[in-house]
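You will see subunit A twice below: alongside subunit B first, and alongside subunit C after that.
Moving on, here comes the complex of A and B:
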């Protein structure tokens, strides 16, 4: 119905891959260093219709990068510095492919940018939290999303050869923004002076050599003859300054899933996660199953279990399920989350995992992964309701899912559900705003968070309601109608208004670079992606590469 | 060219008014209390085509409110608490008029919301900084923008009569957001629990009585019989807790201006400010003139001069000029700012004003007013260049205008311009992010700000460039071409991409409730205002009041 949306059919998006199947990246490791070299196969776009010239990227390229970033953390604990560079002469990366953007629907563009943003934040977080720093070795032109990828790195080295440059041509050439964190990282992370940032962001040809360093756009420039050596020297120095981790790594097998499609319902059955999409109601039922085993009794046993440790397995599946919903079920407006299992067992797993994470890098990586998946959930642009029913296990790390929901319904009845907190609720799984979900919930009454830390017993509906931990607690008589009506009502509202509303209500409190990227920058980019000046029939993004000039409505808004 | 934009011609917008000409508000004062009662004349909309039923508002209503808020500060220093209420039975305020919104162009909607936001922030700031607190006495239904107005008040009192309620029907009924600060103030100012905020923001009929208080949506509820008395008692208590100010107030006469329109140029000539708009080039030349007199030699002389004190007069004129540009010249993309005068005299006025402001409420109000005007400038969604030429006086408070520009050009020549700093650059004129413009500029090198505090001499182009205070310093030979080309290039870029780019580059550093409102919330609202689900031919805002249901594209984005 949206007149401006392109009608190219969206292919099914799958996120599973592994290095031997990469088409666009070369991943090699050598002691504490890894090299991640971009060499985009221009004949292998994610969908037909455009060629990935000049190391430009699309979702397929970014799925491989996301995979590499995750695998480096889990499979290569010995790596402490990753050099991101290009294997294409004179060209680091030309950014997101313009013809792909120009021919994509609005919702695809927004979801593509969001995923790309999450990958760049994950790469940044690997440096900050996991002792695995990324540096960008720009051995050619880095424009648009290419320079944005570099901005997410800890350090940026630029080859000084008279042609290698960094640039943001989005505004002058395409009438859009460097919206994958670019503008925010420029002035907030690198703290480039705002007038210089203004000049840079309107200069299609970009900035080279010494000026790029003087303006703070890159950290060092080296002549071509010394470039590789100087980068390597610095990468090694960075690696040596970081603590080593005891290997070996844990191999990540594909996430197994069985899919069915019948009677208007599509289901995806993972080991610990089920998703059932009712396409007619536009509702997804998401069920998370608690652990059926005891936590690993020792660090060695934890290592042995690897990806089969309950939390690791469940959150990998949840991540896959969320990405599947985002890209392949855009019409789903509401996710209703349930859990099944023993709340005490969830808490036991949380406690064991967090205790282990104090000394064990693998356990720590599992916790960081859980935190990233929960953040991905909150950013999925879907309404989220949690329903707490008998037999559920909303405790500890799984109670975070109830806390991230827009609202929760807990049955108040004899033998009804009980919830519980664990150390997982008090620090390790922070939101993008830097606060825990309990701190965000109780911004007005921070003393409540401290009081809750002392709650060791499970709580029934009355206890949970009294402490402000759930939204509604209907009894047996009201439950079915209350929940059904709430779901139907929510699914009837405008998807856009809900996305905007939730983006404003979910992230109260402080702003961080991360929330700025997803709020300020992404919201403006989404606006611009809707504007005829960019995406209309005569807009700059649509007209790119054609001989005619774009036409603008000059009214400033 | 934008297919979705409405074609209702925009009338010329003028902002001058005064209480005797109000059509929609009654302003009365009684000792330390003022009463600002809304009684919208439904037959006096700002432009023909809709009726302002149920105390709904449009730009005309808000222009009067903005005028009242400003006059109360300057003309009624004895007032320490302002009760905002309604003179229409059972109805406090129904918010922005829906038919007005539905029939307005996108750029008008955005500008209307921005001005409304600024008024609400000014009212909030009067409480925080000027000892003039606003309280909302909701003696009827306060929905949408009506409740948003209440949220900007220090305290909200709701009549408990079985029908008076607060509500945000925007999302459920209109598929837009409570975008005039509403969602942000709900969770960030009042810190309403986010799940309750979610329920509230999707409940068209709103929340009444005790529940409104329990959820933190209002501060107190009182039965109708006691409502006026209880509100008055609290208003008096608030007033008494605030320090009094020695009167009398200063009467605000209209800002005088002479307008001409010839040869494709529109000019507005104020006493200290000139604006010349070249409609063809889409550029406005803004000239600010420095003081021609010495600063008032005593508090009494300052009071006597009143609105004729240079800074007060200039910033009142600048404010009028900026609003004129925003609403009446939407196609202007770039403002080029010049100054004319003696930089030392600007600094002398700054020093005298700031010294006086330490003890004198009127001087303090003038400074707060200057700060608000500078913030309005930064939020005007226009590119801003400053050109520093011989005879200019970019010093102190006027140098803030060069600092808020996206970039500055300073001529490097014999007898060229000189700039200078004053105490006005180091605290009293903060940006919305809570920092000074120098702090924002030098986020990467805060020591520079401290060093600049010691600079007492005027600086030429070389000195200014060395200290990072200007962007470019062309010499005589390059000046003309450099500046002309920069202006032409800027004016050729997509207005939307520039708006988004500037919104991201101008406000680095911390976020505040104020920046959140203008970035996160407004950007999402702007996006939604473009979405067919709201403003398309079958969108909810367009279809409001018709028997058919809106039609939604269900894809979540």
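Moving on, here comes the complex of A and C:
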């Protein structure tokens, strides 16, 4: 792996795309149904060096999928069921491209897996929360990540033609694990019996037809001649059972950004967000700007503003900035977050948005989007410090950013910063563990969360510290040194140890399928990927497709 | 010793009588096989007495015993060539180790897949050919068709034996699956593409037995090198029967060529079609079709499966002992791989990953030999037309050339050119209709031949050509 880290410098990753630019997916809608058909252009890999055979995917393919899933929610409210299928004969999807994985650096691989997982969770959430259900129409072999994509869907239909199968060949063929939640969803979501799951997960060729249904791996099987009709019938039935939404949708333009690269600093300037990366210090300064306008006065005005509604715009930009940091700045270890603006205005926007979200699908979608971006933030393997300075607006939805930080520094001074809570802190922006960030913070003292709900005034540093809402409150004499030293110290620690430590501490409280998926991805999948049995010179992943067979170190841990 | 057939019900040399578990499994499967045979075997001839070759032992004279038999009473049995003592794996990473008499767990799934894929082709071809008897060109050919059919049925038995004997419940389920899939049925197709192609006239039948059964020969040769000894011994015995199938194909096409040349001589403008024969360019189109779909059966040119089968000692090369080196680790094979647009670029592929291509290469040479003999017939008849094998890139549905278009010379062509010209290279619907129009009525009268085909040089097993090879009971 080390060699390939050097041989193949990762290209700059950009996430902006739209359906007319898709190379790997065909998105069509027809009334309440959408068809998302995978037809991967094997000659268009994300970077040179491998061909995307058999509908296998890489980051480029998944960026388009993520885009489609987001667009369907915002641009196509009329769609209530999305059929995910393949436009390549006898092959649904072969999963992540093995040669791509084999030749990628470890950090890229981990970030790739994380991103694909976030997309599948978003797709799953669209069914649970947005009234837009995904069903998988497996009209060919679905192996590895292909079957995992299906597992994220609400229902799985498999063509019964003697060759279409679902499979997890990772363990028997490659000596790794499925990387997008497949094992977890198998037993936690589909509740496949663990002994059958065990057999399935060691059977490279997978399971077909009736047995796949009997084992609970798929919901229904249909012969080829009836497959399309039966799937459509069920998709329509699912769509009809869901409430309709009043159109039209809101078009998502590209997120505008201006980038600069000078004097060891790279900056990205968005409308409400700016990022300045100090490559030498390996620190990114992230600034989020509060609203400069009043909330939209009516549902119609909200619709009219569309992507220009402050929260929607800011969180779209924050999402883009986070993905940029993850993929294009792997050496940045610490993100220091600041906010600029009027905390009361943030709270006003929160209140208006949340009130509207009770009746308006678009407002609800914006809130769900904010929740996803915040989750993406705390799932980023970077240390996060929040610094609360004069002129900042860590209130309501933006205070969630302070809460997700590993620690926070709030200046205690005359005319210093003030924080505030809003309904956004008490339910709509939940973490992967199903709790609010306040509930997770105060696991030992749940009553404090209830008490905080009554706090309507803004709080200064002393008030915030007293309520346990910030970590440190240095005064103006200590501030500069304390913050500088904390940043320098943090940036000096082992990036691996920090990643593991932060992931352990950030997600206290109950496990959910989502937390399990990410935890197991980090702990098991990523570990196995690093082990010689997979990626050593004679490891199975290294040897895949080569003439020699792998060799294992047989010692179990 | 082992040459003795020790059971009347299921002839075998694997001591079925003393293996109760296996005996029970096969006895349960046998009625289902017979149901399948009645449903999907040759249509309309089940009660007729057919002069068939039956294997009664694996000795040189025992495996070719000739007599009249009703096809459903054919002695489908299980025969393995005799065990070679102290046989060793002859290639791959485990070279020199003793061969396996039982399935190693590590390779169970791969072996099962190999056996099921091979096994699936056997009943598939019977299904493809089931209506051909109704339009047969002679009783002699009818008998040959049935001989091919019953032996394909026996080859199915051979594979089912391996599944039953070595793969437990999974194996039994796979054995049932072999009877459930149907050639050309889109809901439950046979596994490989060529075995779902319609084979509904005798020109296609001869081409099939020449080209497609020859793929079978090479697959069996490769499997007969297997480190899994029961598979090696089973396939080795199957090879003795496969030779006859290719003989039927080669002589069948040869007799058509002979007759076509005769008919051309009769016609002032050498128009064979006008004389009720099959013209040479049409025959060439069927060569192009069946050769190309048969090439697909060898699998992808660059294949990690092929590499791992070779590395693990599961599937070797045909006549592995003729190769100087059995590790195949150092060499590579240079392939012309489609690049940007219409260009082909050279790519070196590690030899193990190119094992499908190695086997395909042997097949191509072997196919050419029969073609040369066909061309001798044309030469002797004074015709300048020569049959040619198209390029291995032509009309491929699998491997690196699939999705690209090539002319029969292997030159890349655009999709548009392909669509415009493919009718010059492959049989059109009109060609199919024409060939079928020649074969409307069956000829059962001993010694008589259809108008479009010449009689064979000699009969079966020293019998005259006008011998009653099939006694119709209807």
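Just so we're on the same page, the second predicted complex is superposed on the first by the 548 of 557 C-alpha atoms of A that agree within 3 Å, B and C clash if a C-alpha of one lies under 4 Å from a C-alpha of the other, contacts with A are read in each partner's own complex, and residues count from 1 in each chain.
Following the convention adopted for this analysis, a contact is a pair of C-beta atoms (placed from the backbone, for glycine too) under 8 Å apart; a residue touches a chain by one contact, two chains touch by 3 or more.
Keep in mind that this is a model prediction, so the values were computed, not measured.
Q: Quick check on the superposed pair: does A:230 touch subunit B, subunit C, both, or neither? Answer first, second, both or neither.
A: So A:230 meets neither subunit B nor subunit C here.
Q: Should A:482 be classified as contacting the first partner (subunit B), the second (subunit C), both, or neither?
A: A:482: touches no partner chain.
Q: Who does A:344 touch here: subunit B (first), subunit C (second), both, or neither?
A: neither
Q: Would you check which partner chain A:504 touches, where first means subunit B only, second means subunit C only, and both and neither mean what they say?
A: Touch status of A:504: first partner only.
Q: Touch check for A:360: first (subunit B), second (subunit C), both, or neither?
A: neither
Q: Kindly classify A:172 by the partners it touches after superposition: subunit B alone (first), subunit C alone (second), both, or neither?
A: A:172: touches subunit B and subunit C.
Q: Between subunit B and subunit C, which makes contact with more of the residues in subunit A?
A: B
Q: Report for A:408: first if it touches subunit B alone, second if subunit C alone, otherwise both or neither.
A: first
Q: Take the contacts of subunit A with subunit B and those with subunit C, and give the residues found in both.
A: The answer is residues 172 of subunit A.
Q: Please give the residue numbers of subunit B that touch subunit A in the complex, ascending.
A: 1-3, 5, 105-107, 110-111, 170-172, 174-177, 183-184, 186-188, 190-199, 201-202, 216, 282, 330-333, 381-382, 405-408, 440-444, 468, 471, 489-490, 493-506, 508-511, 516, 519-521, 523-528, 530-534, 536, 538, 540, 550-557
Q: For subunit C, which residues count as touching subunit A in their complex?
A: 93, 109, 113, 177, 181, 186-191, 304, 307-308, 310-312, 328-329, 350-353
Q: For subunit A, which residues count as touching subunit C in their complex?
A: Contacts found on subunit A: 160-163, 172, 203-205, 223-225, 544-549.
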